[in-house]
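Both complexes shown next keep chain A, but they swap its partner, so chain B is in the first and chain C is in the second.
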Partner chain A sequence: MGELFFEERNIVVPGDKLAMGMDYLPAGGAFRDGECIRSKVLGILGINGRVLKVIPLKSQYRPRPNDMVIGKITDMTNSVWFAKIDSFRDGVLTVREVPEYIGDGDDLSQYYNFGDYVLAKVLNVNSTNAGLTMKGPGLRKLSGGRIIEVNSAKVPRVIGKAGSMISAIKEKTGCRVIVGQNGLVWIQGEPEHEFVAVEAIKLINEKGHLQGLTELVSEFIDKKMKNVSKKETEEKPKVEEKQVTQEKKSDKDDEEEQPKRRAVGRKASKKVAKRSKK
Partner chain B sequence: MTTNKRTDGRNFDELRKMEAKVGVVSSANGSAMFKIGNTTAIAVVRGPKKLHPKFLQNPETGRLRCFYNMVSFSGSGDRVRPGPSRRTKEINLVMENALAPAIDLSRFPGSSVDVFVNLIQTDAGTRCAAITAAAMALADAGFEMRDLVTAVAAGLVEDQVLVDLNYDEDSHEMGVDIPIAMMPNEDKITLLQLDGRVKKEKLNEAIELARSACKKIYKVQRAALVERYE
Partner chain C sequence: MAKIIREHIHTLLEKGMRQDKRGLLEFRKDISVEYGISPKSAEGSARVRIGETEVVAGIKMAIAEPYPDQKDRGTIMVGVELSPFANNSFESGPPSTESIELARVVDRGIRESGAMDFRKLCIKEGEKVWQVFIDIYPINDAGNLRDASSLAALAALKDAKFPEYDKKTFEIDYKKLTSKNISLEDEPIEVTVIKIKDDYLVDPSVEEEEWLDARLTVAFLKDGDICAMQKGGNGMLSTEDINKMIDIAQDKVIVLRKAL
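Take a look at the complex of A and B:
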């Protein structure tokens, strides 16, 4: 048996000699150089029997067919939108690939305007562009909420095994979260809760390579959410002191507040649309 | 030369004090700082992004572009005039060629990967410090590389072979400056520049000296990259 120079989960840098001898086989992130196997990327070494692979700590997103991505509309022509998908290839969305009926000579900014974020699927990739589609379950314009960026190598960590991490974040914060394969993440919920979810995802982006990440993150969220709920309960008794009826009213207000906020968001985007038409 | 020490008290094969740090610019894909003596280089990697003008695009692979810059206050006397010059153009080219054998951009056809290197303090050996910092920044950004690239200047002062020249030695009237970059694991040289007269034996001696110096610098480079994630 050949000689191994590192242990499992060691951090290796490009060029490192991982193992000597023909017994070992290189997988992703490693390559064979004569007698030895060397690392191609900065990452964590994974050993699976005779197979050595290096899991990269960072990577650049390359669009592949059937990827769900979040894109930002940056440009449009008579029949196409261009979306920035955080890659060296632009996302291209043609009018044929949107579910809405678009008449001849329609202004495309009515449907998706500059600066809008869309959840789209990659159809095909050519040398310069990535063709996108909006036809499919769940694909839509993302209105409201907020967008944050993580490295595309950390997307599997944000989602977790069989979606365990993402569902934990959703459950604990009560936010809606969508993770694009390109590393853009959309979060929507109560402002305070949204903030906790953002912090948690940023934590994953930074500490994603550590073991026991799920526990670390869930502990983090629990701690933060406790503070949030403490604040909320501190605010509520004040209302109680005044009148019971008023409390009910304020509850209603809370309920109404969210749709209102969304409506404001919509109005604002319409305003932008009008302005751009002018 | 009759003494066996240099002007700053170093031995002939001794490097200046080194310091390296990865991830110094948080907005960048990858970044690194490398300091050797009083020469400090900060490298930032941006991209891959679509390359414009289009005729520069290579449909088979990405293109590595380097942008070397000495900050206006970096010198020890007059203000360094900003903007491109004959010298920076040469260094950009030299850096690209020194890094190109190590990095694989075939996954990003038609794109460019830009490496910006700023030197905030200089005391000779800037292109070597820039290459060393750039290699770390590229590795930090997660690009596929065969190896890191490490660079150091070897040289001759009055027929004595030295490594890692400081400004006094570099500007010596009887001095020759030989910047050398290499891939330490591959043990291959990717850059060798020389202007001046030098005997074949002395050149070989200088290369050997630089080779062992590069291995020392590589250890600092590697430690900085690992430290970032530990």
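Take a look at the complex of A and C:
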């Protein structure tokens, strides 16, 4: 029987000798080097019987057929759009693969323009390109909301087992969230709620390798959302009061030294007051 | 050039918010300046961090002939290299418009402040003067390279020491630094205020920089005097705008000066 040098869920670095002997088998992220099995990447060791695999902490996105990705249109010819999908392969979207009818000689930018974000599906992959399609349920041009990036190795963590994590985020923050396999995440919701969702996803991106992540994240969201709802239910006069005191403070500071600054301070706070009235 | 990002910035601004939850006139909290990060290869060096933005500046000194119209004055030269590892929209190769502008704005801030007495850089009138190279390398661009670069250049100048110079053989021994500093009579620091629609913002993120209507970089001396300015962006600025932006910048320069 061979010898195992690490335990399950240990962090290993490239070249680490994971096990000795021919009974162990290398899977993703590991390779056989003569008698021993070594790690290929920086990641977490997974042991499944005799099979050793290393789940990388970070990785480049490699497009695979049927992946849902979020791409940004960066270029177009008279029959093809090119989309950046944060991979070494560019996404290619041909006119045949969009649901709209496109006439001969039409200007393609009226359908999908430079800088538009699209939710697309990967059809096929060759050595330089990934063919995309917009035909399918839910596939569309994204409008509104914002885009954030996570590492593509962390996408499974963001989604969670059977979508548990992502549905928890959606439910608790009330935001609409779409996670592309390439690590781009689209979020839309009330600004304050959106911030919570963004912070939660960034937390997953940072701490995705820890155990008990789902609990950690849902606790985090609950805490943040409490603050948000507190703010929302707080009576408005209170908020104004705060501003008034701030204004007074800044006026005091200014009177002593710089009379020039005072004018701006006042105007600026007036603007804030106007905003809150709206 | 993504439209939804611009829309997002605008909708948040209408509510007085920014994408990273900061106030409109709020700098990122973690501003730090490190001196002498490269003591072996540069006569002076500094690293500035503003949030995730990181800029390294180095000072090299050489001896050159003075310009014919300024025979008793040394020279300075500012170079900025925007390499793709700082931001993937930068391209390697010959300097881009942005990098030249950035270098010139930093240069102007230092030159016009009169902080450096170029006459003190003169070794022999008409023949030999010190030439000071200020090289700025953004390591990570998370927005507001302008303020970070000017701060880094100033910090590196403060850190710089003259190398040993042999007056007989005209050779510089870069391995031995003297204890003589470049004397700085003032500390010019630049603050950039940007305008998006009707709002003024400081310390912009990359996205905000991409969608700004206009920006104004103002360089301030220690006593609050203005020594240089640069306007950028396609939008217009009225006199009122400029006055307001200067006042905001004057307020915010304290934040950067504290980090020095």
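The rule is short, and it goes like this: the second predicted complex is superposed on the first by the 234 of 278 C-alpha atoms of A that agree within 3 Å, B and C clash if a C-alpha of one lies under 4 Å from a C-alpha of the other, contacts with A are read in each partner's own complex, and residues count from 1 in each chain.
The rule is short, and it goes like this: a contact is a pair of C-beta atoms (placed from the backbone, for glycine too) under 8 Å apart; a residue touches a chain by one contact, two chains touch by 3 or more.
Nothing here was measured: the structure is a model prediction, and the numbers come from that model.
Undergrad: Look at A:R96 in the shared chain and tell me whether it touches chain B only, chain C only, both, or neither; answer first, second, both or neither.
TA: In the superposition, A:R96 contacts neither chain B nor chain C.
Undergrad: May I ask you to decide whether A:K58 touches chain B, chain C, both, or neither, giving the answer as first, second, both or neither?
TA: first
Undergrad: Which partner chains sit in contact with A:R50 here, chain B, chain C, both or neither? Use first/second/both/neither.
TA: Neither chain B nor chain C is touched by A:R50.
Undergrad: Which of the two partners, first being chain B and second being chain C, lies in contact with A:R9: first, second, both, or neither?
TA: neither
Undergrad: State whether A:S143 touches chain B only (first), chain C only (second), both chains, or neither.
TA: In the superposition, A:S143 contacts chain C only.
Undergrad: Between chain B and chain C, which residues of chain A are contacted by each of them?
TA: none
Undergrad: Which part of chain C faces chain A closely enough to touch in the complex?
TA: Listed in rising order, the residues of chain C that touch chain A are 1-5, 7-8, 11-12, 14-17, 19, 21, 25, 224, 244, 247-248, 250-251.
Undergrad: Show which residues of chain A lie in contact with chain B when the two form their complex.
TA: 11, 13-17, 31, 33, 38, 40-42, 56-60, 62, 88-90, 127-128, 151, 153, 209
Undergrad: Quick check: in the complex, which residue numbers of chain A touch chain C?
TA: Touch residues, chain A against chain C: 72, 113-117, 142-147, 191, 195, 258, 260-261, 263-264, 267-268, 272, 275.
Undergrad: State the interface residues of chain B toward chain A in the complex, per the touch definition above.
TA: 29-30, 47-50, 59, 62, 102, 104, 107-111, 139-148, 183-186, 221-222, 225-226, 229-230
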